[in-house]
Structure formats: structure tokens, C-alpha cells
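These are the structures, in C-alpha cells.
The same chain A turns up in both complexes below, where it pairs with chain B and then with chain C.
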Partner chain A sequence: MQHSSTRQVLVGALVALAVGVLLIGGVLRVARLTVVRGATEQNAVVTAASVSQVLAQVRAADGDLQAVARGLVDRLEDVDRIRVIDSGKRLLAASTDAADLTAGEVPRRLGREEKAWFDQAKELEANHRTNISEGNARKDEILRMAVAQSQLELVLPLFAGDTVDGSVQVLTSAVVPRVPGPRLLPLAVVAGAFLVLVALSVLLKGRWLFAGGLVLLVVGLWAFAALGLAGLAAVRHDVEAAIAHHALEVRDAVGLEAPGTTLDITAWNVDRFGAPRGTFDRAGTVATETVDAGLAEGGRRFGQAAGLLGVFALVIYYWVGAGWTVRTWQALRKHHTAYGFVLPAMIGMIVLVFFPFAYGVVLSFTNQTLYNVNQPLYDLWVGIDNYIDILSDVAVWHTGEDGSRIINFQNFYWTLGFTILWTVSNVSIGVSLGLILALILNTKNLAFRPFYRIILILPWAVPNYITALIWKGMFHRQFGVINQVIAMFGGEPIAWFDAWHTSFFAVLATNAWLSFPFMMVVSLGALQAISSDLYEAARVDGASRWQQFWFVTLPSIKPALVPAVILSVVWTFNMFNIIYLVSQGEPAGATEILITDAYKIAFEQYRYGYAAAYSVVIFLILMIYGVWQNRVTRATEGI
Partner chain B sequence: MKTRILMLLAVMLTMVVLPAVAAAQTELVVWHAYRGKERTAFEAAVKAYNDAHAGKVTVNTLAVPYDAYADKISAAVPRGKGPDVFIYAQDRLGGWVEAGGTIEPIDFYLDQATIDRFIPTTLAAMEYQGNTYGLPMNYKVVTMIYNKALVKTPPRTSGELVKVAKSLTDVAAGRFGLAYSYGDFYYHSALMNAFGGGVFENGRDPKLDTPENIRSLELMMTWYDTDGILPAEPSSTLITSLFNQGKAAIVFSGPWFLSEIADDIDYGLATLPTIDEAGGAPMKPWMTVEGVYVAQPSQHKDEAFDFVLAITGLDAGKIMALQGRQTPANKLVYDDPEVAADPVLKAFRAQVEFAVPMPNFAEMTMVWSPATTAMNSIVRKTTSPSAGRGAEGRGWSGWRAWRK
Partner chain C sequence: MSNRNETVGHVWLHLFLIIMVIVTVYPILWVLTVAFSGQQELMFVNLPADPSLWQRIRAVMPWPEQMSLQNFLDVFSQQPFGRWLLNSAMVAVATTIAGVFLACTAGYAFSRFRFPGRRAGMMSFLISQMFPGTLTLVPLYIIIVEWLHLGSNYLGLIMLYATTAIPFCVWNLKGYFDTIPRELEESALMDGASPAVIFWKIILPLSKPAVAVTALFSFMTAWNEFVLALTIMDKENMYTAPVGLRFFVGGYAEQQWGYFAAGSIVAALPVMILFLVLQRYLIGGLTAGAVKG
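Showing the complex of A and B:
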């Protein structure tokens, strides 16, 4: 940082401010457009909902739907066409579209090419029923079909009492609320911040100037975002007033057309799920608190986004201001052939490894499930809720009615503890068994050595799911060979998968069988590389067999053994097949390990976001372990 | 140069000919997961359709390996890369409808004659939230299969069943009067439904520990524990080998079991018994119904539905019943003399009158794992049926997370 020159700091600050203003300003612009577009759509919804309310009342009173529909199109300036579908009778009940009427007088039966209209009505019916039965608003009760830039077609449910048995299609032309344009004040503040920095650069040098720039950058961008958000809030209040005004106009027009009907403008002000928005009352007065509450939620999301973008701007400032850009550029120029060679592999890694990984991490911050898999991730953002949910549940056991301790086997910490137990015991068994067998095979002049070696490697050669299924069969309570042997010696058969410790033993035995050949092969290779001079020297010095093993053999094979152990720990930690096939988590999920649990959450419960968070947690645990292991053993130095 | 001119000619020719062909003939792609005899029969039925519609519609079938089938549909169909029509059991229907963009609703096409030709429960399996999404083609249901050498007249009530089974059980010799996967919730459903139990309340909220379910589990435990007529840890391979060795007199299983029976076993089929403990109510197994669905992104929905109508019709049903040994959902098929004379088809047709379609809600996937866990701990007597509520762990409330 002491290398940063005044010029670098100023350039860095300028670039960072420009990037920050462009990005945060971009978000503000999108938000502003969204507010205006949302208000335009809401105007259309209000109009369409009024039409649907009136038509439902006309139908209930056996009035002339077609005549009222025509009248509404005439009276309401923003309504271009109305169609009424009766899904119960499969009728086109009314239509103001000339083309529809040439195909036959209304009401008439819907034709095959008009199936989509019928399906829309049935969809609204099902969605309304779902929302009612689940007691929340999840399914759309207003369908939006964008027709052209200035037109929007809305399909609303046609109610008969409390149930839906048809739909009303309303083609509306946009009523865009008028709002004041963006202000220049925020930009002026940012420019001022930069000018102050330029002035400062006369007084300060080096790291002090860098620090001053940092402060000005933070203050400048914060002020820019805050002023922009305030401007947005003003726009929002304006458009809500415009919507209320529009609703009053619609009421007057509709009232003229259908005098006998009850008209409630608050019932027209609904969101896409049919839930009331409550932003104005029956008299058309804007409910400021409701609007502000909505703004607070939007402001929080904007704050998160602006904060992230601000951090990004600060990173750029650091990168440029502290001279890293220059150094990066120099390194790229100096070693351009080397980077050229690495480039294809880097692209491959980015596409095949880093992108899926990053996608998984992003997914872990959403609540994507089977139900909302086709929605954009942005709409499903829940922040770190999944992580809190996973990590905060520390109640591993609770006390039952009779005072006994009942373990909740589904708890994350139980599963984590079990996974660690599983890993440690498996690797210990694998290493010791492998080492012992390697030592035996390494005996000089051992007869039939190649034969033994092949036999001992066989468990490794058989596909592990086949081995797993065979072992599962051997542990069967009534017909498994292990229980039959126990019974042969007069013992009671054991129900292996009934208690977690016997179930654990079963999976442990299976995995030990699978894991020792690898350790044996690794150890054997290392053993054969030890020079016999070392043993000779040890014997001359009077070392016992035990001392030879402890001071000569072990240190010599350590460089080969330690990476193998690290690998083996990671494999065993994520040894999916054995648990999934042999114990299947029995009893009651007690012998589930983290990776099988993550699989079940993703593909049995279809909670993709939650499962992604689970996987990220597994990744973090393994990463911490890997870093720690490297520190302790310095294993990578030997390679 | 010559080849280039030839290629150019070929390209021009295809440009002229291809649209003409496409205009004259619609090609439909159908995905299914049938194998063996069922596949042959299905393809024969499709061929009959193609012959009848020569020059207008050609249906091409694609057999997809079963284990990847559901995921393939979920991934391909909403993106418009899938078939026009696909066949799948009803259990995934709810999930596909909720995810959207997969299955076309077909209520619009249905008329009374079409509705009337199906066994009502099989058509009900195709409905979700009041809309119909497919037509049922075949159903699979569990029924009673017995060894004629051991059982002369199949028991009609649970009292008779226990009596017959007890007389044929000799645990020391590994002989059992009755064998079925009672620890498997799918098989247990027959008892559960007999007692009027179920797995959902308020529509689609999973709930397992209802009084009816507990009573059904208590009866199952009486059979296993007190009467001792059932083998321990009954895997499907174990049941097959017991039955084939003549060591299991009666088995509750479905059509998939029949192909595994050894040639020297003379077996009969009968409707599952009524349950005295449930006031004489019949056992009502869950059935799976293979539905034929029109894919929502299909460009030829009208033609696709015409095919769906034909393949679930009488002629196709006869081919699949007689050649594929399947059980069609079209009840008119059973009036055919050749089908009516077939004891196996007749037995399944009789059983389906007392079958309940397995719920097609996506929430069902949340039920299996806790239910299996609960069943296991009850069978192993680590919990009693009435206290079997420990299954409601973290995963149990997972369905709530879906509805946010």
C-alpha cells in the first residue's frame, strides 16, 4: 500500500465512483421503471377487477352480460375488449370482439381453437381453490398476457358466490401515471466528493490520501444511494395517489353503466394473487402507512443490493488505488505465453467446476423447491435463512414423557457427529488394516505373494454398490449369513438395523472391507521404496523390531501415507453408496451421514435451496479440515 | 464441382419436398418406460393407430429407461424439448402441475361418453385441484395371490385369513401362512384404507398419526407378533423365494409378482379379504394408474389428444390386456369375451373395485420417508403404533417450505 501514488489514488477513486454510480444508479433506474410499470399494470388491474365485479353481479341477477360488456367497453376509456368465459358450461358467455361474434352469436359453446380460454378459467378456479385451502396467497388469481407495448390483457376469475366458475378477459390500454423525472442532486453530491478528494491530494500523500479517499468514497456512494432511494419513495407515493384517482374515475364510469350494482374500489386494488393491497380506502384516500411499510421492505432489499455494489466499488478502488492493476498488467505481459497455455484449462474449469459451484452457492440463498422451480432465483431470495435453519437447531435430544432421553436423529449436529465418528473409525481401521497387511506382504521371500496380493485387492476391484448389496444381505435378520453363524453357535440373532450402534457396525464392516485395499497398496509401494540400508544400520545400532518400525518404517512411509489419509478422509466423509445402500439411514435416520441427508432433502423432499445450503455447509467443513490438515502435516510440501 | 452441384440439388429438393411432407403428416413423439411384453404390446397398439391414420398422423414411440424417466420429463418438457405425449404413473402428477409448463389440462376435450368408459377411480387419479390432466391407460393394484396346493378356498375375511394362515405356519421350518411387505407403507395402505385412514388432512396437509391409522397398524402387529403368521423383514426377493418354495401360502402383491412365480407353482388370485376388526370393511390397496398426458409445449395438441383417446380406447386396451398382460383402465375392455375368460385379468378387475388411487399430490413424497421410518420402528417394536409419532423430524415439515 505504501506504493500507492497520488495519481493512482485519484484514478482509483474516479473509476470506483463511476462504477458505483453506474451500478447503483442502474438499480435505481430499474426500480423506478418497475414502480411506474407496476402502477400502470395496477391501473389495468383496477379497471379489470371492476369489470369482473360488475359482470359477476349482472350474471347473478340474470342480466344481459353482452349488453353490459359492450356498455363497459364504451364507458371505460382504457378497456378495449371484454370476453366472458363460463367454464362450467364451456360457453363464451359474452364478447365484444367482432371476430368472436362472426363465429356465432353469444352465448355459444367454445370451439376447439378456443381451448386456451377455457383452460385459463379452469386454472384460475384451481388457483383460487389452492389459495383458500392452504390459507395463503401463492397461486396467481390474475393472469397477465402482454399483448403489445401499450396494451395488456388481464384474465380474472368470474365469481359465483365464493367459487370461481369462469373468467373475464379484459384487454386494456395502458394508463401510465405521470411522475417527476430523476433529480440531479445525488450526482452533484458524488461529484462534490471527488472534488474534495482532489483538494485533499494537495495536503495528503500515500496511505493517508488512500484512507481519505476511502472515507469520501463510502460517504459519497452512501449519499448517492440514500438520496436516490428518497426520490424513489416520493415517486411511489405519487403513483399510489394516481392509482386511487384512477379507481375513483372507473367507479364513476361503471356506476353510470350499471346503476344497480355494489361497487367497492378497495376490492379492485388487489395484487396478482388476488390479495387486497390496501393502499387506499373506499373514499380513495391513500393509506400512507401501508405504502410506507411496502417501501420499507423494498428499501431493505435495495439497501442489500446497493451495499453489495458499494463493496464491489471499494474493491475496484483498492485494486486500482493500491497499484494492483499495474502489477497485474505487468505480470500478464511478462508471462503471456504461460497464461496463454493455461487459458483453455481455465475456461474448462470455469465452465465445468466454478460455474456449477457458484450456482450451488447462489441456490443456497434461495428457497427454491419443487413448487417454484420455474421462478427466477431473484424472486426466491431468502438470504442466510437456510443456514440459520440448519445451524441453529441445537436440540439434539429432548426429554420424553417418561423422562427418558429421546435423540432427534434428524438433527444436523447428530448427523455431523455421526459423520465424524464414521469417518474417523473408517479411516483408522482402513489405515491400520492396510498397513498390517502391507507389512505382511512385504516380508522377504514370502511364498505365493502375487496370489495374496490379487486376493487382497479384489474387494477394491468389485464395484462398491455390488459389495454393499451383498453385505446388506448378509446382515438380514432371519436369512443373513451372519445371524445364521451366530445362531449356529447358539447365540440370539441380532436385528442389525434396529439400533444405531449395531447398524453403525454393519456399515463400518462393509466400508472397512472396501477401504483397506487402497491403504494396503499405498503402504506397500512406500514400504518397497525404503532402502534396506536403513534397517541394517538400525540393527547395527541395536534397535528392536518395534523400534525399527517406529523410527524407520513409519517416518519413511509418512510422505506417501499422509496424502492418502487426507484423500481417504474426504472420500469416507462423502461415502454415499455404503450408507445409502446398506443401512439406508436406519434406524430412523440415525446412521445418515451429511451427504446422504443432503441427497434426501434435495431428491426426496425436493427442497433444492435448503439442500444447496446443506451442501455448502459440508463443503465448508471439508475445506476447514483440509486447511487444518495441511497446516498440521505440511503434507503438500513433500509432493 | 460435380458433387457441389449434386449437393445443391439435394438441398433444393429437400426444401421443396420437406414442407409438403410436413403439411400432409403430423409426427407425434410419445415417451414411455415400458419394457418386455408391455413394450411389445404398447408398440403394437401404436402401430394399429398409425395404420388407421396413415398419411395423416405418425406416432413414434421412445422407450426411456425408467430410473431417469421422471427427471427427464421434469427437465425436458417445460423447455419444449420433450415429447408430445408421455406416459407416467399418477404419483408425479401434482408436482408437475405445480411446477407448471409440463402437462396440458384436458377437461375441455372430455365428454360424458369418454368419462363413462373408465373405471371411475382410475380417472379420479388423473385429477388435480379439480382439473383433469390425462386419461388413464392401465392400473396396477395389489391383490391376493395364493398357492392352490396349500389353500383350497381363498379366505374372504380377516378371521378366515388368520385361521388358514396359522394352520400353514411353521416358523421353525421357515413356513408362513401369509407373506407381504407389511413394513412397506405402500402395501400397508390396503389395511389403512380398510379402517378409513389416510395420510392427509385439510386437503393436502400430511398427517400420519390418526386413530384409524393406529388401529390398522395394531392389527398388522397382531398378525405379525401375536398370530405369528408373517416372516420378519420381508424383502420382495424373500417373499418371491418363499412363495416359489411353497413356504408362503398367501401373498399380497401386484401384477409384477406374477412374472416371478416359478412354473411349478399353481397359483390363484382372489380379492383381498374384508377386515372383521374394521367392521367387515374390505381391504383397499392404493393403486397406481399409468396416465397418458399431453405435453403442454406440444405443437400438435389436438392430434396428441386424439391419440390419447385412441390409446386408452377399447382396441388398444384389448391388445395391452391380452398381449402385454396389463390391466386397462377402460372398463369396456373387460366385456370382451377373451378378456373376460382370463382369470388373472378378471381378478384384478374385481380388486380394482376396492382400490383407492394413490394420492397424486407432490406432498406424498414427504410422506414416504417418515412413514417408512415409523413402520420400521413399529415392526421392530421400538415404538408402539399409538406412540409412533417420533417420525416427525426435521424433514416432516418440509412441505410447508414449498408453499411459501
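Showing the complex of A and C:
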């Protein structure tokens, strides 16, 4: 802990409290607006559902639909227009719209340009049937048509018994429930916490004051969030009561218009899928437990958000309170030339490397896809579900009906195992081939040495995407030159990408071809740097050639070889181009490595959140490897 | 080692080396053969239904039945390959300029100044090399395409490539700047020169070889890159050469191996020559960076 002055602690606490209150208060405000907007819509749903229920009963009793519809528009203040569609008979059964009536008396056949209404009714019918047959509610049973700002048009199913055979379109004007404004108590608590800190500053100094400020900050912000959430819950209860009250008013009005119908206000209180919300009973009494249960989920999410914002406020407090702002400012002034030189590159790195990395990590905790990319991440938060999904699926194979093992190539552990196999075999081949060639090229008095060297380095110079596509062509089943060679020796052509081991061979051959020159060049450089005195001494001591290699050559080239091996492990582990272009994961994703799998999840399945979690797992694997490697090869430190 | 043994041993070594040379050169001859065949087929010759052994051997000899430049002409006139090459060139040149500028200034500061955050900055550059491409790919796609609306646009790709190349270039240049004696700058400081003047007038002219290598590396990064271009550039006339070459043979449509081969040679030849000429410097920078990590 740095020395912190009383002033710094107080300023830090004040700034942190202000930021915390602004941010958490902002979240509360948005939540409050959402609740009110939802309640406004629910009022419209209640009204429209009452209309639909009444009209269904009138129709069943062969009453005059048009007259009742007109009466309802008169009696219900928030209903501006009613249209009834009978999809069975393709009729416009009733309408209070002046334009509809000038086009012809109702009931009448639907006109050609009115087909959209018939389609809506059919859609609702199909959705209702799906919801019933599946036993859950996931298809919309209430369609929302956006109209003007203060108006909402709802389309509801018109029931005949248990089945849908028409729709009711109800244009409603908004009934906004009245709710109490935000309370001042939470703000007062925060102000109180700050005043306590001011008082404390007389008694405490330095780090004790800083610690006291920390405690008061946590308590103050926690209290602010908790009181705000309680206020929000109260608002929620208020609006539910308002909706129930609205339902009772509607029932009274409808009862006057259509006496003798059975009116059930709980059947009007449904969500968009037609499932009852159950927030009040037939008498209009709010069911507190149901409302509270709905609040719990929202409260949990709010808690997470408030926690994050609180941590942010604490960081600010630490930064200011511990004197970091002052020192940051001083450092900036003192070293402004240096920072000026670093700034352009650093901005680029932050914007296009570090920020995307952090953003990717955040994404990995969401279920973002192409289709919800515009929604705020907060709404898509799924915690560690993606990671659990990826890591908990350990069923690499299942047993088929005939008792054979069927491998699930999409499984994470299969892909991980394949990636490790791919990396280990490639690096082993690369290192041994490169080392052998380097030893040969290092032979004294070997003829044509420069010629061999320049030829053998060629594969490194070819861009690897071109290499990949060339080998893909050479492994072509019908026309590929490798199958021609096999045919030349009298063999049968092989469908290289139809079985995972032949497919693996193909990508392995490709990668071996392009990766051995790097190892060769590194080894050759190291070999040439070994002093010939060492061999001289070894020969004098009677060492065999093998012993010379083992005790002189290998230890001498190890410092150059180890970093090269580490590099090529990381390169090969993430060697996207070869897999993506040569085998394309064939057959059935068996030869996918982790990085190509992640790419396909992101850009072929468009599951951004899941792909991000997959990539974080890859990153962690590489980190673990890096740490382990660092420990094992401690000998190379300090070079 | 006696001379007698040497000669006998060398025969085996040459034999092994010759096999390796054949394996190494064959794919390159293969692509040349397909390119100069004037056709789109993978086969070098048309085999009869029941070929003789000689015909089968002819079928794997990398030499076209007739020499033709048709593929080279067609890839520019019938296909938009010239446009793709131009896209690649624009992006690569701009990346080189931006990348070298950013790397030179940062590398100089890391080499010459001692300031808070210097070590953290350098380490963060190094660690950024471990980020898997796909982790940043999705956010980058969202940032470049959804937020900045720079999909299928030179600027988006240039920004991405320039920052991708920064860490290696900064480390490489910093290493070189470290070898320039400080006395040069100190005497200039005595004469009243500002840090900017020292950097532009003294350090940069002295570092031409290192700057050249950095420029080459930036250029090759941009010229050969495939995944980012595939993701960001989705309009056909904005493809870069790598994406375009894959377009010839990657899709479900008819595969045009002749165009691919001819285009590959045009796209790869400049960088291959550059690489072979300058490889020693690149390898030096690569291993030096790795050891420091």
C-alpha cells in the first residue's frame, strides 16, 4: 500500500461513490422503464383478450358480432378499433373500421388485399396447435403489430371450443400504469456513508483511513443497490396491482355490453405465448408469491450487474485513493517523450488486440449468435454454461447397435486428442528430419552443399496457403498425382479424405513438407557455431561418433533448438490453414483441430459466444503448456 | 576420418539428399506443370482406359503435354485475378508503411527510454502472440464489420494487419536499436537536438537494414494472410489474392486448377525471391525474439 493522504482518500471515495451511484442508478432506471413499458403492454393484452373471449362466446351463441364489437369500442376507453376474421369461412366477420365498411357490408368474404389478415389467423391457428401438441408454450399466440407511438395493435386467436378458427385484431391506445417516482432514501444512505468517512478522517490516517473508506464504499454501494432493488420490487407489485385493477374495470365494462357471457379475468392475463401469468386471481387480488418468483431471476441478474459496476467503482477508489492518479499524472509529464513515441503503437494494440481479447473473454460468458448480435450482452449472459457444455461432454464414443464403437468426432476431447496427436507427430517429424538434414549438410567436404541447402529451404518460402492447396490437389481421389503413383505400382487408388487416418496422413504429409526447413535452418546455424576444438577433444578422449553426437553436438545445439521447438509447437497447434484448406475436417469433422473447430463454430454455425468460450479454452491450454515448458526448460533461462 | 571412408559415406548421404530434393521439388514442379499446361485439369496427360506401365509413369512426370501460357493470360483476362492482386498490393503496401512507422517509434522508445510501464508494455506485446486467432477473430469481426462498417474495405484489413505485425517488428527493431551506441545521441543532445530530430536524423538512417527486414516482414504478413481476409472481405471484387486463389479450387463449383496454379505462381514468386534473399536476417530476428521470450 502506498502512502495515501486524507484528501486523496476522500476525493477517491467521493468519485467512486458518484460513479457507482450513476452506473447502478442507470441500470435501475432502465429496469424501471422496462417494467412500466411491460405493464402498459400487459394492460393492452388484458383488454384485447377480454374482447376475444367475449366475441368467441357471442359467435358461439349466434349473436350479432358486429353490434357487440361496436358496443365494446364505445364502452372500453382504450379500444380504438376491432376487426374479427373468420378463417374457416374466409370472412371478415365484424369490423368497426370505417374504411372496411365502405368497402362492403360485414360479414363479407375477405378481399384480395386483405389476405394478410387471413394469413395471420392461420399462423395463430398453427402456433396454437404446436403449443398444445408440444405441451409447452414457445410459439406466439399473440401477435404485436407496431402502430403509432401510443397505440398498439394486437392480434389474438378467436376460439371455437378448443380450436382456433379465426383472429381478433384489437387496436388499443396505451394505458400507462401510474407508479411512484424513485425514492431518495438510497441516495441519502450513500451520502451518509460519505459523511461517516469524513468524520472518520479526523480519527484515522493513512492506510487505516483507506481501509475504512473501502468498507464504507462497499457498504454504501451495496445498500444503494439493495434499496434500489427493493424499490424496483415495490414498483413491480404496484404495476401488477394496476393491471389487476385494469382487468376489473374492463370486466365491468364488458359485462354491461354483453350480459350473460362468462368473464374470467385470469384468462386475459397471459403472456405472448398464451400461457397464463397467474399474477392475480379472479377477484383481482395480486398473487404475491408468483410476482416474487418472477422477481428472483431479475434480481439475480441485477445483482451480477451491480457487482461488476461496484468492482469498477472500487478500482476507481483504489486508483485515486492510493495516490495513483497523482503519480500517473507525474509520470506522464516526466516521460512525455517516451509515451509519445509508444502511444501510436499502443493505441493500435489496445484497440485491435487487447480490447478484442477482453471482449472475446466476455463473449465467452454469453450465448451471442449472429441473430441476437444487436442485443445487449447483459441480456445474453449465461455464466459458465458454455464452458460446462464444452468440457462436461466426455462421451467420446457410444456403442452402436451391433456393438461397435461409434466415435463422436464433434466431441471436444476427440478434437483435443487429435490436435495433440497432430502437434506431436508434426513436431517430431519436423525436428528429426530437420536435424538429420542439418547434420548431413554440416558434413565437411560434402559436394554441392549450397545447392542442396537452397533447394531444401524452398518449402519455407512458399506461402503456406498455396502449399495447402497444392497438396489438396495432389491428394485428389480421382486425378491426384499421389493416387497415380499408387496406381503405377499396381495399387488401388485411395479416397484420402474418407477415413480419418488417411485424412490425417494427408495433412501430416503436407505440414511435414512445409515445416522441416525451419528446423533444418535453425539446427544448421547452431551446428556451424560449434567449435571444432570440442570434437577434437572428444576424439582424443576416444569418444565414438555416437558419443560425440550425444555428448557434444546435442548439448551444444540445445539452446537454439529448444526455443525453435516451443515456437513450432505453438505454430502447429494453431496451424489453421493446412487443416482448413487440405482436409477441411473431413471425414465428418474427424480431422478438425481445435482452432479450425472454433472457426467453424463462429463462422459456419454463427455461435459467437460458444466459439469464444472454445477459444478461451484453447488459450488456457497453450498457457498451461507455456508455463510447463518454461519450467522444464529452465536451463535456457537467461540467454 | 580418412578419405576412403569419406567417399563411400558420401554416396549414401547424396542418395538421401537427392530423395529429399525430389520430395521437396516435386510439388513445386507440379504447380508449374499445371500452370503451363493451358488446361484446368489436375492430370498431366489423358490416360487411356487400360494404361501401360510406361503411360502410368508418364502420368506422374511433372511435364505438361503441351506448353501454353493460356492459363496466365486467362487468369488476368477471364478472371478478376488482376483486381485481387491489386487489392493485396494496396493492403500490403499500406500495411508496410503503417506497420514500420508504428514499430519504429515504439521500438525506439523501448530501447532508449526508461519509463514506468516499459517492461509491462514489452511483455504485453509478447503475450499477445499467444492469443489464439479465433478468440480475437469474432470480436474483431464485430468491431470491424458491425460497428465500424469496414467489411470489404481496405482500411479495415490494413488496420488489422498493421497491428498483427507490431509485436514482432517492435521486438526486432528494439534489439537492433540496442546495438547502436548511445554516444551518438548524447553528442547530438549536447548540440541541442530534440528527441524527435535525433530519432529521424540519426537513429533511423543508421537502422536501414533492420527497418528493411521489418518492412519485409510486414509486407509478407499482409501479402500471405488468409483467415482475416477470408472473414472480413466477403465481396468478390474485394478479395485479396489468397482468398481469390482459394476461390478457384475451394468451392463446390467447377474447380479451376489451371487458374489456381498460374495465379499461385504470380502471387508467390515475388515473396519467394524476397524470402530467399533475406532469409538469414529474418531467421536471426525470429530466434532472437524467441530466446528472449
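Brief remarks on what is shown
Criterion: the second predicted complex is superposed on the first by the 335 of 639 C-alpha atoms of A that agree within 3 Å, B and C clash if a C-alpha of one lies under 4 Å from a C-alpha of the other, contacts with A are read in each partner's own complex, and residues count from 1 in each chain.
Criterion: a contact is a pair of C-beta atoms (placed from the backbone, for glycine too) under 8 Å apart; a residue touches a chain by one contact, two chains touch by 3 or more.
From a predicted model like this one, the values you see are computed outputs, not experimental measurements.
In the superposition on chain A, A:467 makes contact with chain C only, not with chain B.
With both structures placed on the common chain, the touch criterion links A:567 to chain C but leaves chain B unconnected. In the overlay built on the shared chain, the residue A:589 is in contact with chain B alone; chain C does not reach it. Of the two partner chains placed by the overlay, only chain C lies in contact with A:348; chain B stays clear of it. In the superposition on chain A, A:134 contacts chain B only, with no contact to chain C.
Contact with both chain B and chain C is seen for A:373 once the two complexes are overlaid on the shared chain.
Set against each other, chain B and chain C differ in how many residues of chain A they touch, and the higher count belongs to C. By the touch criterion defined above, A:495 reaches chain B but does not reach chain C.
When the two complexes are overlaid on their common chain A, residue A:456 makes contact with chain C while staying clear of chain B.
In the superposition on chain A, A:29 makes contact with neither chain B nor chain C. Overlap of the chain B and chain C contact sets on chain A: residues 373, 476, 479. Chain C meets chain A in the complex at residues 1, 6, 10, 13-14, 16-17, 20-21, 23-25, 27-28, 30-31, 34, 41-44, 53, 56-57, 59-60, 101-103, 105-106, 108-110, 113, 115-118, 121, 124-125, 128, 130-143, 146, 159-160, 162-163, 166-167, 170, 195, 199, 223-224, 226-227, 231, 242, 245-246, 249-250, 257, 260, 264, 267-268, 271-272, 275-276, 279, 283, 286-287, 290-291, 293. Looking at the complex, you find that chain B touches chain A at residues 78, 95, 98-101, 104-105, 107-109, 128-131, 202-204, 231-233, 235, 238, 301-302, 362, 365-366, 368-369, 373, 376-377, 380, 382, 390-391, 393-395, 398-399, 401-404. If you check the complex, the residues on chain A that touch chain C are 331, 335, 337-339, 341-342, 344-346, 348-349, 351-357, 359-361, 363, 373, 437, 440, 443-448, 452, 454-467, 469-474, 476, 479-481, 484-485, 487-488, 513, 521-522, 525, 559-560, 563-564, 566-567, 570, 574, 576-577, 580-581, 595, 598-599, 602-603, 608, 611-612, 614-616, 618-619, 622-623, 626, 636, 639.
By the touch criterion given at the top, residues 90, 110, 112, 115, 118-119, 122-123, 125-126, 129-130, 133-134, 136, 138, 367, 369-374, 393, 406, 408-412, 476-479, 495, 498, 586-589, 600-601, 604-607, 610 of chain A touch chain B in their complex.
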